[in-house]
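Common to both upcoming complexes is subunit A, partnered first by subunit B, then by subunit C.
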Partner chain A sequence: MDIFTTLSTGSGYWNPLAWLGGFLVITVIVWLIWSRGEKSYKKGTAQTAPYLSGNAEPAKGDVHIRAGNLYWGYTEALKGYYSRIVPIHTGILNDYVMWYLGVTALLIIVVVIFA
Partner chain B sequence: MIPGFITQNSPALLIMVPLIAAFLCPFIGKISAAARNIWAVGAMALTSAIAFLLAFDVYSAGTRVYVFGASAINLAVPLDSGGIPIRIIFTVDAMSALMQIIAATVGFAVILYSVSSERSHSGIESYYTLYLLMIAGVMGMVSTGDLFNFFVFLEILSISSAALIAYRIDKGTAVEAALKYFVLSTIGAMVILIAIGIYYGEYNALNIAVIASRMQFTLLDQIALVLVMAALAMKCGSVPMHFWTPDAYSMAPASITAMLVVASQASLYGLFRVLFTLYNVTMNAATVGWIIITLGVLSMVIGVTMAIPQKDVKRLMAYHAVSQTGYMLLGVGVGLAVLGNQSLMDAFGYMAMEGGIFHIVNHAMYKGLLFLTAGAIFLRIGTRNLNKMGGLGHNMKYTMIFFIIGALAIAGIPPFNGFASKLMIYESVFAFNPILSIIAMVVSILTLASFVKVFHSIFMGPKLPEYENVKEAPAPMLIGMAILACIVIAFGLFPQQVVDTLIVPAAHALVNQGAYISAVLGGA
Partner chain C sequence: MTGGLELAILAGWTIVVTIFGLVAGLVLLGIDRKLAAHMQARVGPPLRQPFIDFRKLMIKESVVPANAIPWMFNIAPVIALISSLVILLYIPLGSIPSPLGAFGDFVLVMYLLTVPALAMVAGGFASGSPYATVGAQREMVTMIAYEFPLAIVVVAIAWRLGAAGIPDAFSLATIAAHPVWSVVGPLGILGLLLLLVVLAVVSPAELSRIPFDSQEAETELAGGLLVEYSGRNLAMFYLAQGVKTLVMGAIAVAVFFPWNISSFISMPGGVAQVVDIVFFLLKVILVMFFSVSLARVAMARFRINQIVSLYWIYIGVIGLSGLILLMADAVLVSVAGGII
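Coming up: the complex of A and B.
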């Protein structure tokens, strides 16, 4: 079996090994650029300390941006959607059963009508 | 060399080995913990080996029909039976074999992982017993050629899964999640049993091939179709019947959650088996196809949008599991919608189905991997709350690498396996309806966004004081994750080989109803 076979998707093609080859070439170029960078950089010295306009560096735990603060804008922009979709997820078993039975009833109507 | 009786009886051994091992596990546990672990891992390894042996046989020699208790193992219709298969029959075609491969691979990786992840918990004998019963349930569901036995194995799977979801108790919340899963599973199973009763009343048979050969698509058949379809769609976590999924997936031990993904896919298999093998073109395939597509699109969109704001890492991953199930439903649904039209099937129908089926395999691997990484993190820091995590990449480098592999795969980033199957779905579905394809792509982007958030929250940032001394996950857990990660990479780098070898035969086995019927009934 030829391991270099290209994946045919019906209307397109995908060869991961060719992609990987390209990726490696780009990685080498990036590495070459990086290796020509500043040599006097010293890890663990004042060079690597964050500069916060002269203020003291906060505790490590305070610097990390927690999950709750991420995508605030996304959820705010879609507030209308989330205000409807989240309350449906009640966590109540009776509701789960009602949804299941409701969908079953709806599907029976659809399938029988279009049969 | 493998003895002939093992090859011949592999469909029966596939169920027998985990069943016997399960019931002996508590007794072996009395000897020592090490003996119990070796017993459980050995039983799972043997089950996996049998599954691969059977799959190899099926892929190279065609559908295997195994008749329990017959004078010849493939004598489905005895001469004096009036043309009806009267015994329990397993019918293992390429689609069944593919599902067995998935269950065998994930099952083995998970049990290796469990050796470490469950070490500190009590009742490990019960854990392994239930786990092996779960394996027997999945293997039975995907192997049986008989609707009533499908119901029996579904029940074995549901009962063992519910007990394992409740395994950690967790101040009652795990028990509550298990109760929800159990009640819904029981109602679904009862509804399936009613449908089986309808088939039996109409066609005087329980065998899938016999019912398929006699299918009339009467009003009763239409009702039975919906009963089975809705129950199995609910069991595989399709929106809007997905509500149990985040509860059960988040509260079960991570190892069990990885297997619950496979269990859900066994239900998905059942759904596809009923639609394609039992009904095929006798039903209005376009209508039912669009129903499946609609469930798929709803699952993709609502799953991913519900995932993004989650704070519990496993609950977030559970919603993504719902979303990914949507891709499978979409791909196979498109194939179903054009089932009666050979030119459309050739143009994109088969490709859509192959994409959907390939995604089943890929999803089992990368989602299993992601749940295992979540379990490793929980083991080390004792919380699933993303708001309390950070900087773990400093101490859990291997877990982080495995997480990156799983996250990039689920987001459909090349060259991982998720990209290959998603690409097949995008392009084939685009030919059917471009809007559906665009929705699928947008969902992938949102998936990536969600996992970027998770990655940042867990692994990035400075080393937090409370996690200063956190250690990497134990070696057996890393090995379990590594097995799945290697498959994710390998299937991503060589997708055409996987498609040609495993997926195309499975898709054709599903579509070709006549071949399935003739494999069982032959010239009867």
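Coming up: the complex of A and C.
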């Protein structure tokens, strides 16, 4: 296959190399702009301390945001859904197998009806 | 030889579009600030203020915080700007064809829109600041929220054009060349109006503007994602903001308002392109006024969980209604066509 060929799905299309080419040309332009900016700053001074609204910085581990909070807004907004889904995940293998068999049986019935 | 010449022309055209995108983006930011100021009974800054801000940022120190991951902290704003500019290469600007329009479709543009946001997320996580981390988390959640309605718009428009027998319906050049309003009946027009509302509500979230700016939220997160950024790195994010504004406006124009003056009035080629690009910018300004400037002046910030509910439930339902109306319209138009 010619690597320069544009990939087509029948409806959509894209050419990764064209994207890469455009990306590289723009990278040169942006790098030229970025490199003309001021590079220096005062390392090791209060300037490099994290901004915490004027409060002293606690121990590093104490200000770390845990990954468990990553999708808080999402789970909070859809808690009506998660409050039903989470209890189903019991951690018991028998339950998972039952769900697997149940869903598979349902799919087979649907396939038979619509076949 | 011909291939080399084509590549050189493409590269040259890419440079022109890039410079246009950078300048037009800053002009749009200036117009947005001026319009917002007038709506708040203020004089506001001059239109060239974003250029002054950019120049000032470039001569300020670019501090890398002690807790940051330096290479990721520095590269994130550069990637955000590059990826914003790359999207512009796929979108038609007035009657001027896009450099890479033949090499990527509307679905690709939708995916590329996530790259600047992901670069901002990477920069936020690399900052080593709790404010920036919370901001990065909110940016990710916001992105997950608005991608669904945006995908509905993309699929609905392309599907309707395809149903009307137009080939390459996912190509933005095709979408711009065949105004979707002209292929639909009354039901379809209603559906398109709903989809226009959806895109108008998605745009401020893509641009992290009020009421969907919870990831930056100056009053609670002190700038969130950008809290530790300064100097040239902040300048890159600032430029990216301008380019993204142009990109979102250009997408809305290409999909919903693609008409050019040269289609109605006969003009010499060069003059037509200049007139069309000016008209294109006017349309972008108009779209951005209603979608961004007016919304950010009139509304307060949503909480992050409200943003998810809004996009996944309310805007999602509006988008799906628009899609269903377009499908019903396609059936009715084809039945009516068969009867005639």
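Of note:
In this text, the second predicted complex is superposed on the first by the 91 of 115 C-alpha atoms of A that agree within 3 Å, B and C clash if a C-alpha of one lies under 4 Å from a C-alpha of the other, contacts with A are read in each partner's own complex, and residues count from 1 in each chain.
Operating definition for what follows: contacts are C-beta pairs under 8 Å (C-beta built on N, C-alpha and C of every residue); 3 or more make two chains touch, one makes a residue touch a chain.
Model, not experiment: these values are computed from the prediction.
In the superposed model, A:Glu38 lies in contact with subunit C only, and not with subunit B.
Once the two complexes are laid over each other on the shared chain, residue contacts for A:Ser83 go to neither subunit B nor subunit C.
Of the two partner chains placed by superposition, subunit B and subunit C are both touched by A:Leu70.
Legend: residue contacts after superposition of the two complexes on their common chain; A:Asn55 is shown touching neither subunit B nor subunit C. Contacts of A:Gln47 after superposition: subunit C is touched, whereas subunit B is not reached. When the two complexes are overlaid on their common chain A, residue A:Thr27 makes contact with subunit C while staying clear of subunit B.
Shared-chain residue A:Gly91: touches subunit B; no touch with subunit C. Contact with subunit B, but none with subunit C, is seen for A:Trp99 once the two complexes are overlaid on the shared chain.
In the overlay built on the shared chain, the residue A:Phe114 is in contact with subunit B alone; subunit C does not reach it. The contact surfaces that subunit B and subunit C form on subunit A in the two complexes overlap at residues 6, 11-12, 14, 19, 23, 60, 63-65, 70-71, 74, 78. Chain contact summary for the complex, subunit A toward subunit C: residues 6, 11-15, 18-19, 21-23, 25-27, 29-31, 33-34, 36-42, 44, 47-53, 60, 63-65, 69-74, 76-78.
Interface of subunit B with subunit A (complex): residues 179-180, 183-184, 187-188, 191, 217, 219, 222-223, 225-227, 229-231, 233-234, 240-241, 243-244, 246-247, 283-284, 287-288, 291, 302, 305-306, 308-309, 311, 347-348, 351, 355, 386-391, 414-415, 419-420, 423-424, 426-428, 430-431, 449, 453-454, 456-457, 460-466, 492-497, 499-500.
Residues 7, 10-11, 14-15, 18-19, 57-67, 77-78, 81-83, 85-86, 89, 99-100, 102-108, 127-131, 133-134, 137-138, 140-142, 144-145, 158, 162, 169-171, 214, 222, 227-228, 231-232, 235-236, 239, 303-309, 312 of subunit C are the ones touching subunit A in the complex.
Taken together, the subunit A residues at the contact with subunit B in this complex read 1, 3, 5-12, 14, 16-17, 19-20, 23, 59-61, 63-68, 70-71, 74-75, 78, 81-82, 85-86, 88-89, 91, 93, 95-97, 99-100, 103-104, 107-108, 110-112, 114-115.
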